[in-house]
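Labels run A, B, C, D, E and F following the written order; every chain starts at residue 1.
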């Protein structure tokens, strides 16, 4: 049986202040800076899961719902939601903190897919994820649909073979 | 009738050398650095289309197919594929150049969605895109399906109302 | 009575990968990069405590015990250990993670002192800290000695008036 | 007899302009940026003394007395104040220059301790420092007290064996 | 006969947004940032010409005619104007784009000289440039005068042996 | 009579370590990084002369004679060589230091021209430079020839009116 790692043991967190070079002329955070921060912290989460070097394989469904401002404190939390043979999906949540009240608001989320590789850059097998909380379970299940969607869009899976996905569009 | 801008007039190009700080311990380019570069140049493309400040709304379907190495010359080309009411999809192609032969290989592509905003950050109406080449037409048409998919995933459109998308899964 | 904030509510965490530009010719992390990272995350901790803009007042007793290497994953944790009238001490712990085993080793610690200021840059009164765990209590008590020491070294307190400190040298 | 190097031959100087990314929302220089600049220039000073690779061992008593503003010209001067067996203390002075009058004001000072290492990272013996001016002598003598204090705080020296330090508190 | 490369095949382009850290207190782009950007993109142009590692040999006649502002979109175009034995001149044009009108204005130009080197850093022979347009021809011819001037200023050519150059001052 | 400033009072110095991101695949310093460092420190020198905001007007005759390596200690010294009505030439010398011997070798030199401007960006009159040493005098005199050359190349002065310059080519 494949080794299992608890989802919570893959949590990686980073907190940052938005600096002038990260913002546009409206003093809002660039999408590109946030994407780069999310990639770094989710790679750390993936490494914690598989204890190997990981490379970014794909990025999906990043939506920027609320603008983030110059000087804001941003917290990025990443956790592995599901592992496949040698790849794993990392689910990223981004929060902004109001300096005066300390209130934390969720601004956006994203899913990054990483592949574990050996020193030659070849993919290697990784442990499974063991989800525990309701949210972890929900994300574990959703990961399969997102993977099918990604394979379909890349032309590597026929739409009518994407079982999980078909169910969504058949209701 | 809404003003039209030719797709080719929105082309924005950036060429860069991959530096040590952009690479992991295998000397391959970080996904995060590439994401940040793609966001900057596609924002410039979107600005050329609408002549306004733009903000990143979402990022979709970024897949990293071939590793890019330390010292490589990377060219990123971005062009608006379709404009909606106040948002537009920018299609990004990434190429790497072999230093000895000069041969250019396509490494990955991505779609960024931007919204044009006024000085208060409110969305404003933008011109249409006029595709001319075959590729521009293909991407123009695909943009509608991608938009539906994005709305479905964000829970803002019911799957059975996504007409373009349903067709894909019904065949 | 002055408002109280629990020590644990001021915890701020940042996890980073050591990049080439952060290292010397032995591929070890520069002290200066680590100092800069510690300042940023401890400023966030201090802001969480007082909900105000804070400025670094002093840095004390930073010792670099174990070298940190290129590519290492570094986690920095900062928590307010004690608040005075308008200043607060933040206690910073730095850990390095072995990529293969996931084992976390403590590499160094430091104490940063911040002052809360209003929009004119003038100091303002801040809440007290409520330590709960044994470690929080120990650091709360040590903070007074460190403050006396700092005032003595700055010539703002006579050595023989530093009650807490004298006790250390009189045993 | 150990080789001697004149204190003035270890002087290293760096002048910089404070850029937007180095400042907080009050447009004042971050402590962390200044700490990082001080570490770089004091490492150069230590290298000039011992002609070897050096690593930061500790940082002590950095106090930020006057705020430094966006656009200010900052000059950092570092000089080795005393050498021990394989470690040396570097004394750092920071000045800000008024652009209109050219007047230079001292803003803060700090002491960095470095260790000289060979290519394996092991400590190696270094030359002595020969102080010449009154200030160099004063700092040379103070260095012994600061070293004792550092050892006491690190639990490597018993307070009642710190001869130089005891004298300060016995008056 | 030496191999020939068409001038247009050496064109390298980079488009950038001017960020806060690139500007002075008048919110104008630093000369130093622009020089650094021009060096990077002209090195890429030189590499495209000779398919080798290149090193900057000299920079000449860079004049900054119009200030470039924070937030401006800057396009830098570099093309090899002439190749000598192992060195080549790259001609750089810099344009700024008005965001509202999309109008492009030329801001400055510069000439960078690069040398092609092997893995030991020794100069190696390179192909010739084949100019085609009127502008390419004009710049090809001017390159000889600029090279003579550079050699005269460096004391490597006697002024009265600089045939092309003498003609300019004799009229 | 116009105010005079001694050349030596405009000296600005910066010492830096060459980091990985500043080097090419041969581990040599990029010309662009050095150009950017030279611009920053020579702007500080020009500001010390005129006590005003300055903008880079032109750069001339930068030649990179000796490669500078990763990890090298680089010292850049800038001094105003001559002031005209509202512009001034800054002469920059670059040295590299051998870590083992401490020996300093001159690697290259460059001349930057700056214009002093008021808060609207308009040029304003500046003090004269008073050269004292032989080298300062030599550079003071050469500055006039370089200025003529620059004006001729920019088409703002007819070659036969460039009195200082003609003398060079008439011998």
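Definition applied: a residue touches a chain if its C-beta (ideal position, glycine included) is under 8 Å from a C-beta of that chain, and two chains touch if they have at least 3 such contacts.
Bear in mind that the values here come from a model prediction, so they are computed numbers and not experimental data.
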| item | value |
| --- | --- |
| Shared interface partners, meaning chains that touch chain C and chain E | A, B, D, F |
| Pair exhibiting more inter-chain C-beta contacts, A-C or E-F | E-F |
| Rotation, 0 to 180 degrees and nearest 5, that superposes chain A on copy chain D via CA atoms | 120 |
| Proportion of interface numbers common to chain B and chain F (over half same, under half different) | different |
| For chain A paired with chain B, centre-to-centre distance based on mean C-alpha positions, whole Å | 20 |
| Euclidean distance of C-alpha centroids - chain B vs chain C, Å | 43 |
| Residues of chain D touching at least two other chains | 20-21, 24-25, 40, 43, 53 |
| Interchain contacts (touch definition) - all pairs | A-B, A-C, A-D, A-E, B-C, B-E, B-F, C-D, C-F, D-E, D-F, E-F |
| Parts of chain F lying in touch with chain D, wherever the complex brings them together | 12-17, 40-41, 43-44, 47-48, 51-53, 73, 97, 99-102 |
| Residue numbers on chain B that touch chain C, as the complex places them | 20-21, 23-25 |
| Parts of chain A lying in touch with chain B, wherever the complex brings them together | 24-26, 28, 30-33, 35-40, 43, 53, 55-64, 67, 110, 112, 117, 119, 121, 149-150, 152-154, 159-160, 162, 165-166, 168-171 |
| Touching residues (chain side chain F, partner chain C) in the complex | 19-21, 70-71 |
